[in-house]
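The data blocks that follow each hold one structure.
In what follows, subunit A forms one complex with subunit B and a second complex with subunit C.
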Partner chain A sequence: MSGIFEVRWHGRGGQGVVTASRILAVAAFNEGFVGVQSIPWIGAERRGAQIEAYNRISRTPILLHSQVYAPDAVIVVDPSIISEDNNAVVRGLKSGGFLVINTARSNIISSLRVPEGCSVYLVDATSICLELDLQVAGLEVLAMPMLGAFAKATSLVSLKSLEESITSSFEAELAKKNVDAVVKAYESTRKAHLMPEQYVPPVPPSKPIRIPEIHHWTDLPPVPVSTPSKGSIGNTGDWRTRKPVIDKEKCNKCLFCWMYCPEATINIDDSGFPQIDYNYCKGCEVCFNECPRKAISMVVEEK
Partner chain B sequence: METLILTGNHAVAYAVKMARARFISCYPITPQTGIVEKLSEFILNGELEAVFVPVESEHSAMAACIGASLTGVRTFTATCSHGLAYMHEMVHWASATRLPIVMAVVNRTIGPPWNIWAEHGDSVSQRDTGWIQLYTSNHQEAFDTVIQAYKIAEDPNVLLPVMVCLEGFVISHTAQPVILPNQEDVDSFIPHEPWRHIIVDVDNPITHGNLQMPEDWFYEFRFLMHRAMDAAKEKIVRCSIEFEKIFGRNHGHLVEEYKCDDADVILLSMGSLADQAKVAVDVLREEGYKVGALKLRAFRPFPEEELRRVAKRTKCIVVVDRNLSPGKGGALASELKATLYGFKGMPIVIECVAGLGGRDVTLEEEIGLLKQAFRVMEEDGEPSGIIWLGLK
Partner chain C sequence: MLPGNSACQGCGSTLALRWVLKALGKKTVIVNPASCGCVYVGLYPRTAVSVPYIQMAFAAGPAAASGMVGGLEAQGKKDVTVICWAGDGGTADIGVSSLSGSAERNTNYIYFCYDNEAYMNTGTQRSGSTPAGAWTTTTPLGKKESKKDMALIMAAHRVPYVATSCSSYPADLYGKTKKAKLIQGMRYIHILTPCPPGWRFDTGLAVKIGRLAVQSGMWLLYEVENGVFRLSPPSRKILENPEKRVPVKEYIRAQGRFRGMSENEITLLQEMIDSKLEKVAELDGKPLFF
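After this line comes the complex of A and B, so read on.
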């Protein structure tokens, strides 16, 4: 490898993306890459919100401090991100690069479009986390097994370096669980075979645009103001890994859930039952914890 | 000696620990929080023997540091943005009391609109408070500069507080390798000798901050602060040379030159953009452009002679400011122009404002700026106003 190898992570707040990116930097450094960087790109600092993180890995010290726009590898930690917008994850990805995806569904492959010469690797990180109970505060730490998948796909870092890096970052018991997840992922990561028409010209690097209705500074008012609107930050329902399901047999319409929901995503239907708006429910589990009748259960979401 | 992969915030915390600060008072604010958290952890687990005073505001944090520093102990605080603005009154009091307090400023813009990302405007707007201001470009430099800051601040000819500035998120939250020196080397580099100009001691009561009438000595005390800044220039240079002897690293003195000797165009900046500018210079040198990069470490004291010396040798300086004084432009460009005015053979100065509110500045953009400078020189040699880099 010559020059700088750049990695972009796509995940959601709470999935361990920043930690995993740090662990990758330490592992690469231990392997003799004297230039390593771990760069979290944290937006609104919310659990469940889409986040990115980056790594730079080099044989010489790194003086760049900008974000990564043309990665050599992209790691998709949360499968829902790829179903939202395939282009978002491959933007800037170099021809001949690596795309490493967490998914349990092999049918996702047929919808992929990747730059020419790219290798696509798949791993079911969610199942690995569920199996090992690798969770922090109710969210699966999906990014950890992705380190194993990344190592398998790129051969840039060894399992041994990852293991050392993890062991130096966590208490013994927790370290073991994380190492197990990485090893399991390494072993189960497989290369996907794409049809020739799925290889497309690279999507040019770009800076993300969040407010598409404004094109130029001349469109701006003197100060920004916002008005109340439903779902102003998008379909936050995509942030869930588990969804609350109400058992109407047990529910006595006390409406505690309706009252406690921090995002006002629970409505009352015609017969007085609470009804969850899954477009916006983030799966925070507050209703699940507050329901006095235990009528709400959290169900792992199929994505 | 060991190398750890540290965030900029943790690099600062490790430096404060190794400098053996005995008193810390901070109020957490994004993106500085990591410093406060790590220092609290060091104190809790016994790695750092210091008093930590949690406070309800940055104003009180600086007041507490002033009180502690008056007893002759090494003190530290950290803040940024709105926190620094709120602290402002006490920032003056610290410097005018000539207390060698060290403060990390994790540069963040000031709202509204709400924004937690990198910009130098928060510390630049404290320009006239009488604090030494050192800007750092990367994690190692942030660590090393905190260590150096105590040596500079505590020098009997200086006795001024020091702000060590690092950009929020760009440096504070990213992680890079940082070499931690041996504790003995740090101890011998900055042995702690309590200052004697003002010490609160219950056995020998004093007052300070007393009234000075216009015809008393107030004016002269300000003159003394200005002289102390001159002394600080020398001290910063000597400190950097001594540091290199012991630790083998040098981040420049008041400024750092990179391939400036024969350069026709030089890019001048502070912070992380200065690190990245070196890569831009390497790329353009490959293409045959004679370019250089100049990093400003000390914004106060302002290195006038050093800048004029470099400026004399070149045709054009492009100044990239990650700050804005609305109605004038970038602070560094203004200061540079004032520094060069009236001297013979000075280059064209092109002003550029970039990266406000954390807007990412890429290598390609810095390369583009340097190329643009060549076009300006070829055309009529007169810069036409501020270049707003990446303005949409």
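After this line comes the complex of A and C, so read on.
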């Protein structure tokens, strides 16, 4: 490798993206790279919100300190992000680069469009986390297995360096779980074979927004007024890994679930039963815990 | 409150706002200084609330609300409720002078502080409202100072109505908001709203944690109406039936943010709560100030 290798992570708040990016930087340093960076993206870091993080890895010290605009590798921690907007994920990705995706579904693959010469690698990080019970505060730490997949795809860092980096960051038991997840992912990562028409010219990196110059109040833009809408941030149902299912046999229509739903996503149907709008249910499990009749169960989501 | 907003899973603050808006109805205008609220109501061009909503500079919530009240009065509109929806940082720290000014003028609006006990929008920094012992990114060893009691500070302004509530008690919050709506002048409602990422607990426990706060006596539900202090039923229950009182340890140990608290510190906290409850029992139904 010559020059700077740049990485962009796409995930959602709470999936461990920032932590994994830091672990990658330390692992690369252990591997002998002198210039390493881990950069969190500054924005709303609320759980579930789309976030990015970046890495730079180089044989020589790095003097550049910006976000990454033209990555050599893109890691997609949450598959719903790429199904929502393919171009947002591959924007700026160099031809000949790497795209590493967490997915269990092969239908995501057929709709992919990637810059010419890119290699696409797949791993089912969600199942690995579920299997190893790798969770923090009820959310699967999907970004951790992605480190293993990245190592397999790029051969830039070894499993050994990743392991050292992980054990220096977590307590013994948690470290072991994380290492297991990384190893499992490394072993199960496979290369995807795309059709020729799926290779497209590179998507240009996003340009910085230009703010118009204002000399007089008439130059000001009109006051922005938003429209009330469901899904103001998108289909938040995509954030779920488990979905609540109501058993109508057990439900006695007390509507506690409706009352306590922080998302206002439980409605009452014509016969008085609670009804969950899965487009927006984020899977917080409050209804599951509050149902006095235990009529709600959490079912692992097929993604 | 519309679904599909950008709040975290299990956010107590959106649960509270949902019930506040149900109680206030459509003719409501919200002013919201910088906080999680500004983010979870959505980004232009879409919003998750179906009433007019103004995002305001961090320190200026009450000032903006005062301006709205003045503007509506000048237009002769009497049936619109103006509220300020602010976080605990916006209330107890940076917004406190503007808030105090509006209380002193008895401006005709309702101020809601949703209290997640830290600056959550920016990733959990301590606020004046963070309780002693809690971890935040700026108190890595646990906060040394105790929580600022904003509800009592507001009661000392002698405004007509002050109440505390909690997002885990929607009926309590709904009732108090309905009542506040009928009162003229400055009204202040302080709502404890558990925050899963900031308090470090599983999202599904969001309602349970708030309930433990009240059942342990760590958080009291009460009203101060025209200066008279009155406990609300959930808090009166634990006073009248000490066997229903939950040891505060259960509340503390259910959250990661208190992980650094020793058994000794928890025993001390329990003693403080016990003596607080004794004093509160004497005050119930009586004027709070001379």
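The criterion applied here is as follows: the second predicted complex is superposed on the first by the 279 of 303 C-alpha atoms of A that agree within 3 Å, B and C clash if a C-alpha of one lies under 4 Å from a C-alpha of the other, contacts with A are read in each partner's own complex, and residues count from 1 in each chain.
Here is the rule we go by: a residue touches a chain if its C-beta (ideal position, glycine included) is under 8 Å from a C-beta of that chain, and two chains touch if they have at least 3 such contacts.
Remember, predicted model here, so these are calculated numbers, not experimental data.
> Applying the touch criterion given at the start, work out whether A:Trp217 contacts subunit B, subunit C, both or neither, answering first, second, both or neither.
After superposition on chain A, A:Trp217 lies in contact with subunit B alone.
> Who does A:Ala49 touch here: subunit B (first), subunit C (second), both, or neither?
Once the two structures are laid over each other on A, A:Ala49 reaches subunit C alone.
> On the A-aligned overlay, A:Leu255 touches which partner chain: subunit B = first, subunit C = second, or both, or neither?
So A:Leu255 meets neither subunit B nor subunit C here.
> Does the superposition put A:Val36 against subunit B (first), subunit C (second), both, or neither?
first
> Is the number of subunit A residues in contact higher for subunit B or for subunit C?
C
> Should A:Thr265 be classified as contacting the first partner (subunit B), the second (subunit C), both, or neither?
Touch status of A:Thr265: second partner only.
> Taking the superposition as given, does A:Val183 touch the first partner, subunit B, the second, subunit C, both, or neither?
Touch partners of A:Val183: none, neither subunit B nor subunit C.
> Which partner does A:Ala70 reach: the first (subunit B), the second (subunit C), both, or neither?
neither
> Between subunit B and subunit C, whom does A:Ala25 touch in the aligned arrangement: first, second, both, or neither?
In the superposition, A:Ala25 contacts subunit B only.
> Considering each complex separately, which residues of subunit A are in contact with subunit B in the first and with subunit C in the second?
In subunit A, positions 45, 224 sit in both the subunit B and subunit C interfaces.
> Going by the contact rule set out above, which residues of subunit C touch subunit A in the complex?
Result: residues 1-12, 14-15, 18, 36, 39-50, 121, 123, 168, 170, 196-197, 200-208, 256 of subunit C touch subunit A.
> Per the contact definition, I'd like the list of subunit B residues that touch subunit A in the complex.
Residues in contact with subunit A: 3, 5, 30, 112-113, 138, 167, 169-171, 173-177, 272-273, 275-276, 278-279, 360-363, 391-392.
> Would you pull the subunit A residues touching subunit B in the complex into a rising list?
Going through subunit A, the ones touching subunit B are 22, 25-26, 29, 34-40, 42, 45, 61-67, 69, 207, 215-217, 223-224.
> What does subunit A use to touch subunit C in their complex?
Within the complex, subunit A contacts subunit C at residues 13-14, 44-49, 137-139, 224, 226-236, 239, 259-265, 277, 279-286, 288-290.
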